[in-house]
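Going in written order, the chains are labelled A, B, C and D, and every chain counts its residues from 1.
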Amino acid sequence: MTSKISTGEHMIAARPSTARTGPSILDRSAKIQVVIGIAILVVATVVPSALGLSYWIGVINLATIYIVASVFMGLLLVDAGQVSFGHGAVFGAAAYAVGVACGMHGFSFPVGILFGVAAALVIGILFALPALRVQWFYLGFVTLSAAMVFPQMLFAFDSLTNGLNGISIPFTALNTPTAIGLSILSILSLVLGSLAILTSAIFPKTKLGRRMRVAAASPEAAQSLGISPGRMRFTAFMIASFGTGLAGVLYPPTVGFVSPNAFHLDISILFFFAVIVGGKGQPLGTIAGITLLYMLPNVFLAQLVEYRPLVYGLVAFLVMLLMPSGIIGGIVRWLTLRQKPQAMPALQFSQIVDATQSAKHPVGDIAIEIEGLRKVFGNVVAINNVSMNVRRGEIHGLVGANGSGKTSLLNVLNGFTNSDAGSVKVNGKEITSLKARDVAHLGVGRTFQTPRILEQLGAWDNVQIGLDAKLSPNPTRVSPAFVDSLRDTLGRLRTESIPHGQRRLLEVIRVILTDADILLLDEPAAGLSPEERVAFAGLLRDLRDKLGLTIVFVEHDLDLVARVADRVTVLESGAVIASGDVASVWENPRVKPLFVTVRHA
Amino acid sequence: MWQEYAIILIRGIGLGSVYALIAMSFNIVKVSSGILNFAQGNMFVLGGMLAYAAVALFGQPSFIVWLLLIPVAAIIIAVVLLIQGYLTLLPLSYSDDQQSWLITTMAVSIIIGAVLLLVQGPNALMVRSIFPNVPLFGMRVPAPFLLAIGLAVFWYVVLQWFLSKTLTGLAISALWQDPVAGRAAGLKVRRLQLLAFGLSGLIIGSTGFVAAPIITIASDSAVAYVLNGFVALVIGGVASNTGALIAGPLVGVAAMLATFKIGGEFQGLVSMLILVGILLIRPEGIFGSTAARRV
Amino acid sequence: MLEVSGLCAGYGRLPVLRDVSFSAAEGEILLIAGENGAGKTTLLQTIGGLIKPTAGSIRFEGRDVTGATPEDLVPRGLRLVLDGHRVFPELSVFDNIRLGAVASKTGKVAFDTAVDQIFEVFPILKQKANDKARSLSGGQQQMLTLSQAFVSQPKVLLCDEPSLGLAMALMPPIMNFLRSWAKSGTAVVIVEQHVQLALAVAARGLLMQRGSVVFDGTADEFAAETGIIAAPH
Amino acid sequence: MARSYNRANIFNWSRRALLGAVAIGALGISGPLLAQSNEPIKLGLLISHTGGDAISGLNGKAGVTLAVDEINKAGGILGRQVEIVAADDQSDPTAAVNEARRLSSQEKVDLVFGPQSSQRTLAVLPVFTDAKIPQISTSGSLEITPQKGPYNFSVQANADAQGYHMAHYVTDVLKAKTAAILTDNGAQALSGVPYIKKYLEEGGATVTGVQEFPFRSEDKTAQLLSLKSGNPDSLVIWANTPEDLGVLMNNLADIGWDDVPLSGPNATVMQAASAAKIADPNQFDKVAGVAYVGWTYCPGDDMTKNPFVEFKERLKAANPSNYDSLLPTISGYAYDGIMVMKAAMEATGGTDPEEIKTWIENNADKVATVSGPMKASAESHFLAGREVLTPILNPLDVNEQGLFKRADCK
């Protein structure tokens, strides 16, 4: 069920990659959304000011602030996979800090802003700490109860917060129209709102955004790329709190008053609803969400008074029932489903490695040295006293039936699992006690049996996270031409439409791009056609000969192994039953019956 | 002096038993579909309203009548939950986004609250217990506190029996451990999940009915109960009814002791700290085997 | 007993099975071999009702069951055992076995005799009957999943990689169990990597590559074709 | 001294009421002549239809609606009908401000009733002050000053006045030397605590403990036990909901502390009856509360044409279905607020805020009210000052007309 929890997170983190891929229609959807979104904000801000409708000016400012807060809680939810039902407390803390600073101690608004953002960050840290330990709705409930306690604490420490009576601050200067007709406040919230919409579209395309989503979608993939999921979560909370804080500091001038009762649970729930009902990860999502869930019941239907909460609940309920991916999400999905998915053209391996390139490698002729390694899971001995070594610059095949311990061995080699006994030296450094991400920093890259091509990321992003994890400043070993053509190809694709075979290769390319000089490949050729295999074999040789990489690869296709491997190690029930050059191993009677291939086919 | 602690203990356990029952009603749905029903608090309140309705209809009912009314109330709430469950599971069957229940259950909770406010108004309904107070340690304890303890034990026993002895119960408790394997084994997944919703309705409905005299039956009192129920759930360990049975009273007593020693204004803070504390020290809860933590 | 013709299926938009046809007769063990990604598992899951086929037909006991869900298939006697010895970890061993009878409505008597047979073949399960399934070793869990299927007394058993993640030493008893099971008239379709183990019990062999059947013949033909000698038993 | 002022007041008050009634009657006739326009007068009803304070909303609405209906039946104000524009502050200051802006700038209301809690009144004060809209709120915080809200008048007894009486009952009537304080965690109660403390100490009583319980919590035993351990001679309670009061009484009996004398606020008087649905009525003879004198009587008073009794009858007639769920006391002073406003408008011949403000400051006491003699000044816009309040003993001890017996009757 732990896995259920994590799938839960995958889902919650699922950002329709449709809106995320390179220069394509789908990306245009993101651009279009941003334009529409900002246009809406501008119109909504300018018109009331032009007509001098003070009520609407206030309402729009507030809605914009809520949109900003929702955007950043969405960033937390969608990009970092962190569930917070208590975001209103972050918002409220910022608002209150401004209230206290400016209203009670007479600081200027700019100073108040500093206090406000600081307060928001403090709450953010308080939320981030449990997040390092618990996840999914457990975290949700922790933050939820925090949000419930927040107003109580404002009461309890009334000497600091002026408790029940709240703090009244006119901020008339901010609210008086400037030469261009908009008040400074309106300008501030418009700018902030537009920036927020922009952020929600751009952040996922930044290096940080990508890494965050990798960490949320697949912690193990993240670690194999040298990313610390914990650090990512913390950063996410900080960014979210900062943005929400900025929204919060605009609350006092907008409403002119702060009071504990203004920041109870409902506002947290509103932000959460706005993100999901509007459409997770859609730039227009929060605008749609706040319009439906805040503006509709509280402004457009204000006359309904006591029926208002009913409207609120029904809207949220029906939308989720009819459009589980939210209003905008549903629309985008509907639009993209109507386009034919483009098939992915086969990759030209021969072009991957640019002959002119050559990298320098660590010295020493042993890349990996394994001594008496042992790993037990429950009562299954996964690795049974394995000793072997991998020479630098060689292609080393790991073969054996499913469950014979090949993958377990890889997991120890890249630091996922700590061995129970024995030692593993990579480039002469003992790694048995290291974390996966530290091993990655040593120049060990790996791919997975089920390729970690994450649908939470765009097709190209899945490769680019390799570049993000680049270990050295020197130019990429992969031919720039190939990278460009790949970017171009993938830019037009949706991640879902990449065939499994190709996914493995993309993962391999991703690892090469990280500059790792030791590659651990788990069944990289599974699902490739014979022709592709020949080409793939060529690629492995290129990697060895032209780039001098060391490659350990698990493979079932012995022909392929025979074609490229310098040496082979055969595992059986976690133990080495044969090791050495291919020819000798092949004739080993214990090895022969393990595999089946069509000789005459 | 010791009497005071004794009384606090008993009342804490009584109130905690209510939390335990809420937690159990969470559990059965959780193990079958992974859903945590945020509207459970409202269902609880609805159960209490049925008790009020009973008094309105029968005056102060006799013990026998009251006893007979419990299953009636339980079944009514079960039906309500069946409907909710059906609607909640609906999008999950076709959508690839499995989180919609998070919103739908919260939304249902909001809707029920709103409807209650419209039909019944803001005033809380008050139900007088048909049982005399029970004298204890020179003080007295209202019977519902003790009845709640009894009900918790009753449902605990029933659930343990149902989930372990009957094939259906077994299937329900297994479902979310591996839904695919469940399907492969030919289990009628959706139907079992609905059944679980119904069952949790029986639990929460009877609880609301029995505890009516000591709980707050109002349109806006549901959230507090959901939260307390969840705290009991997590501390006991998700999916463990034994955990719930023990953690509920634990929370109840802790909250009252905190009030007694520190002061009522910190009650909320204390129960939150307990929640966070447990999650940090032992994410899987006291009796839980499923970790809240994700590596 | 089971006839598959022109079957195509896949995940989302990705076709995996391309026009697969074969049939399995009463009491025979049919081996499906092929490397990872060849579509073996997809094939079993499509027949088992977990994946909706995009084309082709599946006939079971002469009746068309194309697109039927496990809910319908299991009671009729077509049962899939997933790979990776997937048990319900928090349930006791015995409860896991009992769960097998839920869908098939196996009667008390039939169930008890079935359990006796199981405990005879796998005494370890009897010993650990009351332990939680997660405390079992991989091999024991595989025995458990098979036992769970056994009590539902299927006419067709689809068994995906019984050896997955198991030490070889554990396989013979499992294979023998499958053979004796087949003898009782059940058609058993095994997907297996350890071909030589499976060939020892299989009557026929099927070889898949990239979603299609590239070879279909008797065990001996298969051995000849692939150069695999069945393990002695 | 607690004895002296009240009787005098009642006397003046009932006489004034009579005069006022006549005066207004006269105005009512001459009203149409003075009217400048026949546009309806827009009354913004900014109360909590939803949220935690919906109960006040329910009762305030009933009182205002009754007042408006009567006014309209009688030909309106200055010949103009009064039209209610409903707005829901959702018991939330943010929503209160938004709705206040809607009422003032969109709906262009002439006057406003509400909000019914200080947090929200303080929040909307700037809005209505800028818009110069006369406002009747029911808020008890002393932070609401004529400076902050020149056009705002409150018909609710403020924290100071209630605290004064609650404390003085303990020190003067009970002659208690020690007292403990137990309140709910609502804003109103918490804002009362400092005043209760202040006046207790002035009266020479020491506070042995202060505890609070969450709104509508199931059990107050822990709080009571901890207060009991300080063994005070009296207990000052502030519970705003009947269920809290009822549970409190039960818990007192449960722990065998039902012999302690209690002193409560207005709420205690209002809520006792429904609290007794779950609590033992006999316990209430130790319970004192603070009442508007309009709700009270002393044996021997002239009971004919008692304004509050008649008001209750009219309220019942207006709300046949849900009268039982109403608190006529709250509806009463809401009604009074509207009537004060009406008188002011008629006297000043329009809706000019400045004139209305000064008129009310000087003449509020001339208006016939049902809760008691309202009075304001340039210094205080709390129409229900100390003088309108009086302690009563046993809120269940009501005469056949449902009036409470004052604690200080001869």
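FYI, a residue touches a chain if its C-beta (ideal position, glycine included) is under 8 Å from a C-beta of that chain, and two chains touch if they have at least 3 such contacts.
Chain-to-protein mapping (UniProt): A = ATP-binding cassette domain-containing protein; B = Branched-chain amino acid ABC transporter permease; C = ABC transporter ATP-binding protein.
Quick caveat: nothing in here was measured; it's all calculated off a predicted structure.
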| item | value |
| --- | --- |
| Far-end chain from chain A, centres as C-alpha averages | D |
| Comparison of A-B and B-D (more C-beta pairs in contact) | A-B |
| Chain whose averaged C-alpha position falls nearest the assembly-wide average | B |
| Mean-CA-position distance for chain C and chain B (Å) | 42 |
| Geometric centre distance via CA averages, chain B-chain A, whole Å | 35 |
| Inter-centroid spacing, chain D versus chain C (mean Cα positions, whole Å) | 78 |
| Junction residues of chain A - those touching two or more other chains | 152, 155, 306, 309 |
| Two or more partner chains touched - positions in chain B | 114, 117, 177, 239, 265, 268 |
| Junction residues of chain D - those touching two or more other chains | 50, 185 |
| Pairs of chains found to touch, sorted by chain label | A-B, A-C, A-D, B-C, B-D |
| Chain C residues within the chain B interface of the complex | 48, 50, 69-71, 73-75, 79-82, 86-91, 95, 98-104, 145, 148-149, 152 |
| For the chain A and chain B complex, residues of the former touching the latter | 1-2, 4-9, 11-12, 14, 130, 133-138, 141-142, 144-146, 148-149, 152-153, 155-156, 219, 265, 269, 273, 276-277, 280, 306-307, 309-310, 312-314, 316-317, 320-321, 324-325 |
| Residue numbers on chain C that touch chain A, as the complex places them | 12-14, 33, 35-37, 135, 137-138, 161, 163-169, 193-196, 207, 209-210, 214-215, 225-229, 231 |
| Partner chain A, residues of chain D touching it in the complex | 49-50, 86-88, 90-95, 97-99, 101-102, 104-106, 118-120, 122-123, 125-127, 141, 143, 148, 185, 187, 190-191 |
| Complex interface listing, chain D residues touching chain B | 50-52, 54-55, 57-58, 185, 211-214, 216-219, 221-223, 225-226, 229, 241-243, 246, 250, 253-256, 274, 277-278, 322, 325 |
